[in-house]
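All chains are identified by letter, namely A, B, C and D, in their written order; residue positions are counted from 1 within each chain.
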């Protein structure tokens, strides 16, 4: 039985894990870098150990140091959170070697999940549909044309030496493909001395829908519904929800079954997430398994009533999952907004520094997971997620309205945040109608609308701003001068007020 | 359709109603006394009106002033909260006259609920079991004996001129009853010139279990499960929960049906609560209808998923209750602790004054309804409820553990609170086993255990206290003296730290 | 330095052994050496890591005789151990009620005076109701803390009293 | 007094008309008289009830030319209207980017310098990448704000820069 957990992470997720530890009566061990000495996870854990300098490589990614602390503190298990070492198969294997119970899948399963080509091959064998295309490098141009005609145009021709959009060509027919193949091969030979190309179906108006999966050491496997995470910027999720507006119980059962199949195919143990792309004709394509607890897990907690961190610990303890698929009921609707420290209008550039004041929203159906407190600081060394604002409602509309109100009540001083962006999204017709896609922001010109909304908001507050400005001027005057008559009375009143 | 609601209340319940108004896009109008000018309900409402001096009679009970503000602000409806004017039938009728939609039952129904003798008679007619005893004043000693032998000893002989335990005699047989009757009559004649006595069955080891009821203007009626509120002090509830440990679905259906019958019997509209006493043999006796939203309504919200304030507004709007009895599912378990400003060891005497610092707990399944903020004040003019800490869990045990952790995380500086008492109760074997009764504190000597727990807690923190004390002494010394050597280095470090 | 904690019948020792620099210290608590690293210190409170655990301590009161602190949310009174303190401490009593030797009857709650039940010069017994206060919709009887004669009454019906206000002198 | 709000092309007037005593005032905003009752005021912020609505305004910056406030959580910049201000204001631009006439290229984000893409003396065009910063796991290209010659580079690979630090002088 796990009695003491080292949490190899920081920020809100470290706090989230500590919370469940406290509730279960399990001791928690926090680790921290120089930058995090004043962080809440240090203050809330049973014990806290300093592990190095601010830079992640020197602290939260320092495998040897973290293992050393785990052993010194007598922790019998380790929770990796998300990011940092959470999907590092080598680290998982190191934990296994040192007899530290790693709360997550085995190193072997994690390794397989991390290798996208291998994982795709395993899924194809297990009859889990993946994005149509070559299952390996194409041999030559005729091979490419053959595959393309099988999966149907348009297709993407991708160079494995590309990355970040470089070396990707969109083609609409055989001729274009042959031309592009020649050009791509030439380019690649010139630059790298070799060429390696893939063909993949070009998917449009994509939704990102993922299924929470769980599997225990006894072979019991369940899915805990879907999360729709289509609203993104730069391939990073901004808003997640459950249920998805396009998933009914029939689809949930069907794709959930696929997600379970995927977990079994890689012999996955503990909680994980099977990610799918869904296109407008209703087809789902598996893309990958995230071998960790997701940022957006609270969405699933609110609609299932489960404590997923507790479930992770139970599974790591060798226990059976304490319910069957048929026992699970999706209750109401949950939405999460990731409150990031970033400037929406500077291409989402990070915004860091001290946060002198914070007001955290609350109320029926409102949950906030955050490391923020008045006087804290947002560090430029780590990622921009400051808080997760999650609301639950009986219906999507109730959840959305609660989110809208909570966003209004959330005040973070000192850094730019994504809160104004979410207010605009939450009020948009397309969001309300569930018309989501990964290009939502661009497709519906959300940033232009945000600008309009901000202007309107400023105008609506302008009377108050002007009133505050003139009163402030008078106040300063009354403090500087000691003039006779009214001003003295004024000053007295001001000081009394 | 209601578009603007005046909230004739203060504190956490005013904030609770404002929250739902915001979510529904309804404007809210707050009223405040001199004492409350810096209160959160003033700051969070759309509009706020000053209505008088601190004393309730001059402000929150001032019917004319509140009606005047309602009319001036253009509010089309009024929410009374609980306490103050919430169960004042005259005020309800005044609202009806002024065409202000009173969110609650009609003045007529409220009047009937407020008259306990009349209400009891109505319930007897409707076959809702009430506490056995004389349904009216007893005529003479023989009448009393006849009733007593019918309901069985022991019985209570009560004078209607008593109150607060005075004029109540416990008797075990006919002889004792005859003696007591004579004495009571004599006493009462001497003091009041007349006598009026009742006979009622003496119930022991009572549980207080109530049912949330709702009835719309179309005659649809539902119950929204029970709340067990047995843990009390001085007849005031401290801890409430749903479900009750002694209510299963069969009992819930049966007593819920009685609660609905009670609501129909008094032609009750909107939300209300039917209160029952339950004794160890499993019998339930109706005692009264609380004609308002209860303090403990969040417990029901968490297990039903409903927003009860929204439901109140919908019913007041003339809408039908949007679900049927069979649609309601009791989900998980919710517990509420009323965080009072009181000194447990001074016989729960009030504790008031400034609150320089507050830390409000949060986390999965934790909800806090409160008017507290750092720098606020607890007024001696109003009641002692500062916050309602409510936790939800899949099971009673999860809810209890979450409550235990949240109580630990709740810090209120400056006033005594009931938090330590709740920690002891939540850890007690009897609470865990669901052995609840209205005399719980006395029956299980909880205050003695609390003393022990506090001593243990202090001892467990004594190392830290001593460390803080010696470091503090050194710190002060280093700031007072400017001595050479080590102390200067010390001071520099201290200032840097 | 020796301390007494609340009314626990025992003395505890604590001292700073060494300043390691960089805000780190070795302290000796109850005979055991512990490491202490200060994160933050002001005259009102201190945050530190003791061995490996974080703690936040607020200083509410600090006189030569006693120190009231809040340790991780738990209020604790420390009494610095002198001969004199011991005597005063015993007389004051640990439970919050004034000892028999005290002259003044103080109010432990704030409230409004509803009734005054004695006159100056009255002889009263310990436990007699001196007055009734109303606070938060409740009536609370204030009882005499000892036998004696009411020397002075500092009470008026309808007046407000604060916590720790003197209500009467009983000799 | 006349004010401009953000980059809205309009002037707004506001003045205190009367001090009613008891922290209450009559102010005139955009030609309309309003009642204002102060609940709390310091040099850093003000809480007041305007007509019947509560507001909380923080003062973040206050220079003769402009005032940055946060009104009920919404940041707003007010520009006091003088002839001179108008000119400066137009040049600075409302969108947060420095105007063409500015000498300095400043960083709008904090971060670590990953690469420096120009040398002193280089001729650059508006939009050319001057350097790349890394912050929060992201790489951000900093582009030149105007055409010109790099006069001075205040950048070193691996160094940290704060928000608003000057990165280069371009003439």
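Going forward, a residue touches a chain if its C-beta (ideal position, glycine included) is under 8 Å from a C-beta of that chain, and two chains touch if they have at least 3 such contacts.
Everything quoted here is computed from the prediction, not taken from an experiment.
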Please find the path from chain B to chain D through touching chains that uses the fewest steps, and give that number. 1
Count the C-beta pairs in contact for B-C and for A-C, then report the pair with the higher count. B-C
Expressed in whole Å, how far the mean CA point of chain B lies from that of chain C is 31
Averaged-CA centre spacing for the pair chain B and chain A, given as whole angstrom: 40
Chain C and chain D have mean C-alpha positions lying a whole-number Å distance apart equal to 51
If you average the CA atoms of chain A and of chain C, how far apart do the two points sit, in angstrom? 50
Give the residues of chain B touching no fewer than two other chains, as numbers and ranges. 408
Quick one: which residues in chain C touch 2 or more of the other chains? 39-40
Can you list the chain C residues touching chain A in their complex? 39-40, 47, 49, 52-54, 56
Quick one: in the complex, what on chain B touches chain A? 19-20, 22-25, 298, 301, 305-307, 331-332, 360, 362-365, 367-368, 394, 398, 401-402, 404-405, 408
Flag every residue of chain D that touches chain A in the complex, lowest number first. 1, 3, 5-6, 8, 12, 14-16, 19, 21-23, 25, 27, 29-30, 34, 36, 38-41, 43, 46, 48, 50, 55, 57-59, 62, 67, 69-74, 76, 78, 95-96, 108-112, 135-138, 140, 163
In the complex, chain A residues that touch chain C: 37-38, 42-49, 73
Considering the complex alone, what residue numbers of chain A touch chain D? 341-343, 345-347, 349-353, 357, 359, 380-384, 408, 411, 413, 455, 457-459, 461-476, 479, 486, 489-490, 493-494, 496-497
